[in-house]
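Two complexes come next, and they have one chain in common, chain A, joined by chain B in the first and chain C in the second.
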Partner chain A sequence: MKTIPTLGEILQAQGVSRRGFMKYCAATASLLALPPAMVPRIANALEQARRPSVIWLSFQECTGCTESLTRSSSPTLEGLIFDSISLDYHHTLQAASGDAAEAARHAAMQENMGQYLVLVDGSIPMGNPGFSTIAGISNYDMLMETVDGAAAVVAIGSCAAFGGIPGANPNPTGAVSVQDLVKDKPIVNVPGCPPIPMVITAVLAQFLTFGQLPELDIHGRPTAFFGQTIHDRCYRRPFYEQGRFAETFDDEGARKGWCLFKLGCKGPITYNACATVKWNAGTSFPIESGHPCLGCSEPGFWDKGGFYAPLSTGKFGSGEKLAGAAVAGVALGAAAAVAGRRRQAKYTKEG
Partner chain B sequence: MNSKDPIRSAIPYRRGNVKPLLNEIIHALDRLLDDDEPTVIDLASLPFAPGELEQLEQALGRGELNAELDALGKSHIRETAYPGVWWLEHRNTAGEIVGRYIEITRTPEILMSQDADIGAGRAKLRDSFEDTGNEFNKEAAK
Partner chain C sequence: MDLLEFARGPALQVAAYILVAGVIWRLVGIIFLKEKPEFSEPRKPGGLLAALKVIYTRSFTAHPFKRATLYPKMLAYVLHIGFFAVIFLFVPHIVFFEGFLGFDWPGLPNNVIYFAGVAAVVAGIALLVRRLTNPVLKLISNFDDYFSWFVTLLPIVTGLIMPVRMGVRYETLLAIHILSVAVLMIWLPFGKLGHTFLVFVTRGTTGMVFERRGAKT
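After this line comes the complex of A and B, so read on.
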């Protein structure tokens, strides 16, 4: 069996100084949304960590999730994390193709039986196996064969986590999510269309650092990133509390950066970290760029009655109550958000 | 304004993040002076409005000490106008911000020479010394 170097050994071989390593650990703590006081513990754990084998399966997807992950310039700290895992199969990124690629997948599974991670982007078509195949293997067969010896599965993006766009009404391929099929392995959902790249790497960093998966919410999402709504952390929220809204994309409210609730913002019912982690190396997030949140990290986001329809007029019940509460002040505003969330939970349960 | 850090927007939002942070820093200075306990505030976890980070930076000002670290990308470590309050920015090799912190401490840990690096440096110097010595002896024997 091959000897797998520790991360400390890898970094030492690369000539990374202890200062550089401490900087790396500080960034990792920040990435994992852990307090800076955890940095020494992270340093100790990372020094001893060994590269896990990762098999990435892409099914009915647009490659946007991979695009998101690879968007950072190389080499980056996130890149270093990826240098520190063994990405043994990813049919978009790997050089091998056909039988050679499938041989690499089988070799990684055999050499790391019970210990490798499976990352999946894209949904799985159950209507007809021929709707989506890789090397002549149906998505379903490849998924079930690969996860059999896995330590855990990470569903990347809303398609793998919840069915996503392929699963949207009328769902012509019978698309389902990973958690609809895999019942006997730990699953982490990292939804988003696409997910924030830092959130993808954070899940891997958590596994690498502590050898365990993060704490999850009721939809299987890491609470460190999906524990609060976009609305909870939005810098425009004070305008919501004051009842100041943009009514169109070019009115005074839009120019002054007021709340986008009436333009269809799904921030009050969407759990994600966009408002703090942000996108493109911390540049901004959709609301900061003047566009409402689409709610892309929530189950069934594509079928919720229109991106530009206010929550108060969508499938979320009494619109007048929500909109009324939104203009009536802090207490009622918070109640509206809670009401929206309850309706969201109901909607999700009912499918 | 740094083109690699477009979060520093000129839009004058004031959403109230600056004042509570300054208050938190005052309490952290209390802990440093009274109990010798340092504090680190991770600014990445806070929902800053456009321009607010710049307001915070301006409020803290610049002090006497400014250091640059070159390890896995540049880092800038500088003391603010308030002694014991440090502003740290870590960038990756592409120049992108990967961490931004306020440390309330006497000297940020990352400025200290680390034992592992001191040990590696000593071994390197020793090797260099021995090589130089050998060269010198060869020259002297001619």
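After this line comes the complex of A and C, so read on.
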């Protein structure tokens, strides 16, 4: 009988030290806002966990989410953990293609019925099944068939979580998110364009550790990572409070690292862990590089009035409509004045 | 469309249309009224200078009433100056105005704005208490007085809550804040808040009429 190695055995075989592994567990516990007492439990559960079967479906996407995960830095501990799941289907990464790839997906589904995880990146076009197909199967059919026997679904990236860029106005393909279609399975949204790799692996780690999905916010995102805004944890926040802002990308304020609110930063309404977990092995995040937050982990971020329009800019529509309101005001005022003059004349006459 | 998008978009647009149309309606309707007939020979011409004089002098209390009106007058100044600072000197608000005016001006640090906002709210509450406890004031107060007070303080209160959060999501608070501003914009031309744009018109008119009649201004 084939023995399936535990994660602990796999990590040991790959040369990951006990100290490094415990560091990862502590970081995961911290990210998930769990008490330190939970670290040994996470370590124990992860060490004992069997490789869970994961089927990764890619639909209308740019492969940025996969890039984010695989190119985070090499090798990261979270990358190794990710390697240690049984990624049975991922048409960007797998060697097999065509019928062989689809056979692998079906085999994984049958062998792990009710227990496998489905990770989805990309939105699903509903305008026409032919807009996006894999091995002649429409994205919708493949999603619904695959999630049928899944334990849970993780929507990776803003396209899968909220429709993302394919769903942006005018949404030519009728793109929808996973949660728009899948109603009978637990869904975790890990949005971002792309999402932070550590967040993806931590969600999987929690599932492996506790056998359950993390606590979610109103948009189905893990609150441990999406519980605070970028603005809340931004190192430039003091400048916002002091009223010091960069006016352009190359002015004195920009060089001094002042707040990017006036340059369109969406940090105040964007919930994500960029400011704390950061990117490229904790090197930095967009604001640290001098660019305002685009709000990429929020629903409909592409259609929120322009990346470089400050958050407090009102959307008054066209100037013509305001001018129309002014003309209407003049007309009403003139009518009121005429009526008033008539009354005045009447009273003067009655005098 | 989520609540914030609704608040920033359609709600603010409709409020702006009503504000513009309402203010112009009121101003045109008043300015083009027929002048009252003169029943006696005017003592003085009663021109622009007379109007400007009263606009200035009515900013201060006449000597005999100074003591009696010191408390409400002080509160009113705190409310108005605080409200002005919050609206026009808070940087995100300046950015809002710059969006359609095309120019900006320097703002104040947030802590100063928070202080001004709290001071305005405290003054507003004190004025309401006075209105409710003073028998004469209470008698002459109507729905307009109370509703105008409510829609004036609501945006300040919703704005002050935003940094504190109180367990509510930031974008929800921001949407509520913008909606409260929209309510203020809609009500402003029609109730007693019309003094925002009528105060100097009415004072000026009073000055001109009084001077023509020979009254001391």
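Some observations on this one:
The rule we apply is simple: the second predicted complex is superposed on the first by the 276 of 351 C-alpha atoms of A that agree within 3 Å, B and C clash if a C-alpha of one lies under 4 Å from a C-alpha of the other, contacts with A are read in each partner's own complex, and residues count from 1 in each chain.
The rule is simple: a contact is a pair of C-beta atoms (placed from the backbone, for glycine too) under 8 Å apart; a residue touches a chain by one contact, two chains touch by 3 or more.
These figures come from a predicted structure and were not determined experimentally.
Contact with chain C, but none with chain B, is seen for A:Tyr240 once the two complexes are overlaid on the shared chain.
Once the two complexes are laid over each other on the shared chain, residue contacts for A:Ile269 go to chain C alone; chain B is not touched.
Applying the stated contact rule after C-alpha superposition, one finds that A:Tyr24 touches chain B and leaves chain C untouched.
When the two complexes are overlaid on their common chain A, residue A:Asp148 makes contact with neither chain B nor chain C.
In the superposed pair of complexes, A:Val16 makes contact with chain B only, with no contact to chain C.
Judged by the touch definition given at the top, the superposed model places A:Pro36 against chain B, while chain C stays out of reach. Of the two partner chains placed around the shared chain by superposition, chain B is the only one that A:Gly282 touches, whereas chain C remains out of contact. In the three-chain superposition model, chain A touches chain B and chain C at no common residue.
The touching residues of chain A, counted against chain C in their complex, run 218, 229, 231, 240-243, 245, 261-262, 268-269, 299-300, 304-305, 309-317, 321-322, 324-326, 328-330, 332-334, 336-337, 340-341, 344-345, 348. Those residues of chain A whose C-beta lies close enough to touch chain B in the complex are 16-20, 22-24, 26-27, 29-30, 33, 35-37, 72-77, 80, 233-236, 238, 257, 275-278, 281-284, 288. Only residues 2, 4-5, 8-9, 12-13, 16-18, 20-34, 36-37, 91-93, 95-96, 99-100, 107-111, 169-171, 174 of chain C touch chain A when the two sit together in their complex.
Against chain A, in their complex, chain B makes its touches with residues 4-7, 11, 13, 15-16, 40-42, 44-50, 52, 69, 71-73, 75, 90, 92-94, 96-99, 101, 109-110, 114-117.
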